[in-house]
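One structure is given here, and the rest of the page talks about it.
Order of writing sets the labels: A, B, C and D. Residues in every chain begin at 1.
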Amino acid sequence: MTIRLFVTGGTFDKQYDELTGALAFRETHVQHVLQRGRCKLDVEIEVLMLMDSLEMTDAHRGRIVEACRNCAEAQVVITHGTDTMVETGRALALAQLGKTIVLTGAMVPFTFGSSDGLFNLGSALSFAQVLEPGVYVAMNGRWFTWDRVRKNRERGTFEET
Amino acid sequence: MTIRLFVTGGTFDKQYDELTGALAFRETHVQHVLQRGRCKLDVEIEVLMLMDSLEMTDAHRGRIVEACRNCAEAQVVITHGTDTMVETGRALALAQLGKTIVLTGAMVPFTFGSSDGLFNLGSALSFAQVLEPGVYVAMNGRWFTWDRVRKNRERGTFEET
Amino acid sequence: MTIRLFVTGGTFDKQYDELTGALAFRETHVQHVLQRGRCKLDVEIEVLMLMDSLEMTDAHRGRIVEACRNCAEAQVVITHGTDTMVETGRALALAQLGKTIVLTGAMVPFTFGSSDGLFNLGSALSFAQVLEPGVYVAMNGRWFTWDRVRKNRERGTFEET
Amino acid sequence: MTIRLFVTGGTFDKQYDELTGALAFRETHVQHVLQRGRCKLDVEIEVLMLMDSLEMTDAHRGRIVEACRNCAEAQVVITHGTDTMVETGRALALAQLGKTIVLTGAMVPFTFGSSDGLFNLGSALSFAQVLEPGVYVAMNGRWFTWDRVRKNRERGTFEET
């Protein structure tokens, strides 16, 4: 089984620019996360975009949907900013792709050491292997169907609706 | 759903003793791993032992089996040394407990920074939620049934038999 | 010999706020840096302020000067934002305190793992013990007198003028 | 000013071998430590040996002494196991080289994240620039002359004799 891993950015891939003192995207760290996890799954990584999910438009979501539709794999994991993960989930669900699609992200950039990204990616890749077709969010060690989840911004966690 | 998490030791929980220069067990770090992962699952942690799995005897495995039998939860994750994870899996399978039991561990201690432990625990907790009753090993992002897996000691990875 | 360590903030002490996604000050990490370094010097820590050095006014610099004047110690290390470290050095030099005062900071927050803060604090505390009275900047493993140094903002390093 | 940095091993450069579960030497990490510290000193690195200092013989110390004698630089830093750092200091002092030689090391391997190595190397490089010719140990943020220091093995720290 090959799993397609689409990268869209989000906190997961932000890094500190020591010259400007700002957080910014430079490149994805997803392959380093997989190496750290000694992951031996057959994972096909593709960077679709590197952006803050608050800046995603319908056009960006359209690109994500088309990428999921057109890839050969039936299991897909998407790294995504947490703020609009659910909106992208809705767009994917409406497209009725018949695949197992798992969205995940991080509250702290992977490069910061204290990141939850390694845990979340381990979790998302696992759910992608065993959940039946559908669109899911994997965060905080849990899985949610796209239409039964919201981000609690005060707590920084995902919860059922 | 509450998941029972039994700690038995293994590389996962080893740490460096800077006075002796040796690797040793002092306490489990499992709760720090869950905090790092911002895990919001209902996890009940219990330390059964803190030992190198090469030193485990049948008596130790018996204790693990009894703990799995007697706990209230139907989903169990066990952190365990990788060297004899499969032997413990066999003991658990023979006991026919009717629970979903997932063994996991780490190739590098959690406290060393480069550890796969965070990834593996995210993975194991996820598989425990969705796999049907049985005894499994979760390593390298993959899941294996206890009777179809072995550790490749040259590569430091788990593979199907 | 006791060394006085004044904390003023700067990148050194910034941390990531996972709820807002911004870098902010919450508390100093200087004591964790000293623990990490197994520092056994007699260091007296005092937090004067926690701020970005670009926002420092003459009033803030006045407080730093007075703190250096009034403390009992003849050896002082100051953690400080790198952008205006030299300006604060000038204010301290003009006050002619007759003490060995060493300013240092970091290009990356201590909490990010890839920080230079541990190296810089080890360096600054060492220079403070052996340089004669004067006002110095310790960065990049080097020491500079306050009037012969500038920050090269393209390179993120300090260099002689 | 160029500083010569001789690497001899010690805990500083040990790393975890995830296949054997043992601590071992593979290569020095000194250049990574300097990069982490954004060190801009002119440092000439040379690996003399990579060994546990408890296994050093008079022949090994002879090689270290000759390397210090023969290098062009008058400022030398040596990374060294902490257990016999003082013995090597004695050998260097007896050779009366007229150089500033600073021995340092670490209680925890640099690759483990919680290492004091970054702090100690920042400290040792700083002392090497400003102390007059002699043989010194730089540990715990402090400097000691070779004949007035011992390692307290119960505490894991260096103290004056």
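The definition used in the following text is that contacts are C-beta pairs under 8 Å (C-beta built on N, C-alpha and C of every residue); 3 or more make two chains touch, one makes a residue touch a chain.
Just so it is clear, the model here is predicted, and its values are computed rather than measured.
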Centroid-based (C-alpha) most distant chain relative to chain C: B
Interface copy of C-D among A-B, B-D or A-C, judged by whether over half of the contact pairs recur: A-B
Chain A-chain B separation of Cα centroids, rounded to whole Å: 26
Where chain A and chain D are represented by their mean Cα positions, the distance between them in whole Å: 45
Chain centre separation in whole Å, for chain D relative to chain B (CA means): 39
Contacts with 2+ other chains: residues of chain D: 107, 113-114, 156
Chain D residues touching chain C - in the complex, by the definition given at the top: 33-34, 36-41, 43, 107, 113-116, 118-127, 129-131, 138-143, 156-159
Of all residues in chain A, those that touch chain C in their complex: 11, 16, 18-19, 21, 23, 107-109, 111-114, 153-154, 156
